[in-house]
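What follows are several structures.
Common to both upcoming complexes is subunit A, partnered first by subunit B, then by subunit C.
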Partner chain A sequence: MASKHQENRFAAYSTPIILAAILLALVLLVVAFGDKALARTAAETLIRVTLVVGLWIFVGNSGVISFGHAGYMAVGAYCSAWFTLRPQMKSLFLPDLPGWLLEAQWPVLPAAIAAGLLAAAVALLSGAAILRLSGIAASIATFAFLAIINTVYSNWEGVTGATSSVVGLPRYVDHWVALAWAVTAILAANIYANSASGLALRATREDEVAARASGINMYRHRLLSLVISGFFTGVSGALLGHSIGVLNPDSFYLGITFISLAMLVVGGIGSLSGAVIGVIVLSTVIELLVRAEQGFAIGSAEFALPSGSQEILIGLIMVLVLILRPSGLSAGREFKLRLKLPHKTLANEQIPSNRGEIK
Partner chain B sequence: MTNFAQLFFDAASLGGLYAMAALGIALIFGVMNLVNFAHGEYIAFCVFALIVPSTDAVAVMFLGRAPAVLLVPLILVIGGMIAVASEYAVFRHLRNADPVAMMISSFALGFVIRNVLLATYGGRPKAISLWPELNTPVQIAGASVPLLQVIVILTTLLVVAALAFLLKKTRLGLEMRAAAENFTMARLLGVRANVVITGAFALSGALAAAVALIMATQTGVADVRMGGQIMLVAFIATVIGGLGSLPGAVAAGFLIGGVSVLLQAFLPLEARPFRDAFLYTLVIACLLLRPQGLFVPASAKPRV
Partner chain C sequence: MSKLGIFDLSVRYGKVPAINDLSLQVEEGERVFISGPNGAGKSSLLNAISGAVPTSHGRIELDGDMLTGRAPEAIARLGLSMVPEGREIFGSLTVEENLRVGTGLRRDAEAVDSDMEDVFEAFPILRERRSAAAGALSGGQQQMLAIGRALMTNPKLMMVDEPSLGLAPKIVDQVYETLCQLQEERSLTLIIVEQSSLRAARVGGRMILMRGGSVVGEGNAADMVDRDALAQAYFGNPKCKEVNS
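For the complex of A and B:
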């Protein structure tokens, strides 16, 4: 039976390799055939992969919906801005920052990591309170958390610039940087999901009472997953800031919460592959709709969707997916490679089954 | 305290508004375990029903021109209809889905309604004047109180009393309470699921419409975002009150209204912009002390 076990382990760890290969293939395609606009879209999509995979680490494993992750994004985005903006700019626009922070001008990578760490610390603090609640009450408390962050960041004039945007962030995030972080997030998510804590957490997702009866401390595992999830969400916020170059508290509120949850749900909350597929599918649909809103030609006739129809259609797609395919496109399955040990060869087929996976 | 009466009226009218919004959410949660994120958009929808659809900056009154005797029932019916329509279109197909899927679908539905409003009416807030004479202050107990505040307080009391009567004394109310207690068992005993659920949605939509009328008169603006903030407070009220408990929702609505007025009055000036942050922090603290809410309905305890 040991070999069967090894086979399952290998299959579980092959998921991030397949997902990374898919993302790499997408980027290569864009680099080979796309224009500048498409490269930007690719970078945006990969930032969303980091975000949604970060969100999945908590939501997917615990089954608790979080509306608060846009808050962690905001924390990360502003933190990275504090470390990377030029000191003159900061003393002009953000005068209330502490002295050492005003002078700091870090390279971008340590700043991104610091952004993730601060978001993780905030996740630890907020999670310590919120996760004592049961499922739906916890979801609504995360909503309250999001509102707290939004209120604070929209009013803390000397530190966040309040509602006037923070501008001048170095725009270093292209598709390669975003790809690197997306793959890192996927790797971390996979390692966590297959760790003892991840398995225990998924047991609580399936049956809280039975899991507790088996001696699982639900609170501790939820908190751990929220902290890891907060880290990558914070990083994705930093990446978003450094890709657009402008920060505004309202860009980390309901809109991004909705889109990230939509991607997670359409792809399927139950699996990491679902999270990634959801981002790719919805990003493609959004890009097509945006282009359709700008107008397109069929034969000699010009068509254009009315503006605003993109959001409406995305919402409708989400409702339809929930009604027709409640567990999402992936239905809880992962992409896996199976290593057939008796033959000692790599079987290169993707097996769409969840054999050996604890659901 | 000279302005004690003033504070009291502020707190009671704000609390009444929150209580009505919270009731709308608690009603639906009680019957079908749905946390309805579209509720705020019902409110916005009802406000926008008052004006002519256009993206111009100036609002032209449409339904809002009707006399109050006609307008109030009309808006209540419109609110009820949008809620019932959303039940037919979306939630009916999700009856057997788990609460998380229903919650997300209501979130998506709200997003759709909001963007339809944005597309038809444009994104800028519009000034509307609905019954401006109601904002003239009257003197009560040494405080000058806008007439509207008195009306809000009276309306809330009336609505709560009517709802209590409906739930305690009528057949529909009995069936709703039975459904809230144990939906499967209620159905086995002959409660008509569709009637109860449609009724709950219609009531909830009418409550949203009442909130919309009050907000439109009070603020004098029609804004797509106006439903969002009050919906968040209403959610929090239902959670603090104990999910599914109607008296709890009302009590918590008043509690939050009172606390937020007190914070506004007594916070130091430089901390006032952060009032909501303090409020929500208190909410989370309150939930830590009583995770099940202040009033715990019997149906909230999970059975094994």
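For the complex of A and C:
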């Protein structure tokens, strides 16, 4: 009944609140007990939450694996750099930028939004072509897109600085800024997944033929989700740039593609909670392994893992998760609060009826 | 006025013909059974009408609108709803989400709620399990859900491909009872692929017999059941071959 429906809506909308609370709790813990290095790790983790949640908006709802999202990240990161670098630096290192952009020096928030919008526009253009394909062919096309972006950004000397890094970005992204964007991304992802378009897209993920027979235009919904997804992925790229202060095209290539997909798979591709949990779990593991590689002391003895063991162990974890929990840690479920509304219609629902019932 | 008109329809899968120059009229509010042996082209016909397979020749009209050449989603928007063979439901979505999937193209939000109420009225078990994943339902419940989902698009014409496939006879009875009742309430046009001519006769309606991609006989379902037209359709005889060629 209506009240039951409201309950379900409430439960669906409680997910982002719970996820935001978990992230806030983590940040508060780090602020209270952590050192500076840990605060940096927290900021990095939250940027990855924005990235992976952005990725999930498309991959989780459409079921199409995208290898191209690092490309949208690069687009966003460089866009924000163009708007925020000091004009003198730009005319020195990026002389081929158009005149108005050379002189622009925007505040960081509008620059981040512009970064997201440019990435969304690129997502619209690339998606219009890529999403004409379906299944694995679409995934391979996204990979080709990533290669194109990387090649362009690695060679367009006067605009992107090519392989010599762009330096001097204002480093304003701390754990609070990253938290704000991560929560925004989670909210947007939840609203989209529960919208008519999100529902239609999840239906196409299950069964293309039946979805089209229900009047769903798969192409349009996939494109819409890719544009929203591209926006937040672009923002995450901008955040990453402004967190480390240096941009290089290769920071947005295979490494980040692999790690973001690994987080999505480990957490569970089927749910938003899974995307967030995957980031938290894998980021924690990575941080522990990095510290282990640097060496730690037990009593008077020094231990250190050989360098490179981080990548191997992350791969091992992924394999284990795929074997033990093929649909990820969350197994496609969301964190939800159950609100019990008084049931006016309870009596009605309990009337036994033979029609349509299976004994 | 004819509601659905099929004129000289041919469907081919590569070089293999599935339907040959088939013509068929279905009136508004009519109940039509399509029967025939395996490979007769029954599902191909439904798929061609709903746009899931391309036609190679001929045209299909619904209330004067050309359906031929349109995408399945555009055809669904014209008021044609199909329950595909094998109950293709969206397994990881909940029952309620399954029902709401088809409503994205409707503008009447209140009517959607009252339609969902109607579906729950017709299939109370769906109400009970509305928050469960559809994949966790039994076969009969999934069939009910598939029919419910098709109804939620508020169709003028509904096509059901083998509703009895893999279901216990008692459940098939329930499904048909509900289908007929819904048809009456909504003045719905129904096209049903049904292998059992006995059941079709019991439910009542017009029956179309197909064989080798053509219509080889039609008449009142109750009359067809004991006529040798059935035997002809299934086993063929010289007369049938004449019709085919």
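Keep this in mind: the second predicted complex is superposed on the first by the 340 of 359 C-alpha atoms of A that agree within 3 Å, B and C clash if a C-alpha of one lies under 4 Å from a C-alpha of the other, contacts with A are read in each partner's own complex, and residues count from 1 in each chain.
Note that contacts are C-beta pairs under 8 Å (C-beta built on N, C-alpha and C of every residue); 3 or more make two chains touch, one makes a residue touch a chain.
Remember, it's a predicted structure, so these values are computed and weren't measured experimentally.
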item	value
Partner chain in contact with A:G332 - subunit B first, subunit C second, else both or neither	second
First, second, both or neither for A:A147, with subunit B first and subunit C second	first
If touched residues of subunit A are counted for subunit B and for subunit C, the larger one	B
Which of subunit B and subunit C A:N8 touches, first, second, both or neither	second
Which of subunit B and subunit C A:V209 touches, first, second, both or neither	both
Intersection of the subunit A residues that touch subunit B with those that touch subunit C	209
Interfacial residue positions of subunit A with respect to subunit B in the complex	63, 65, 129-130, 132-137, 139-141, 143-145, 147-148, 151-152, 155-156, 208-209, 254, 258, 261-262, 265, 306-309, 311-312, 314-316, 318-319, 322-323, 326
Residue ranges of subunit C touching subunit A (in the complex, touch as defined)	50-52, 71-73, 76-77, 81-82, 84, 88-93, 96-98, 100-105, 113, 122-128, 130-131, 138, 140-141, 144, 149-150, 153, 171, 174, 177-178
Complex contacts: residues of subunit A adjacent to subunit C	2, 4-5, 8, 196-197, 199-200, 202-203, 206-207, 209-218, 270, 332, 349, 351, 353, 355-358
Complex interface listing, subunit B residues touching subunit A	35, 90, 93-94, 97, 99-101, 103-105, 107-109, 111-112, 115-116, 118-119, 228, 232, 235-236, 239, 243, 273-277, 280-281, 283-285, 287-288, 291-293, 302, 304
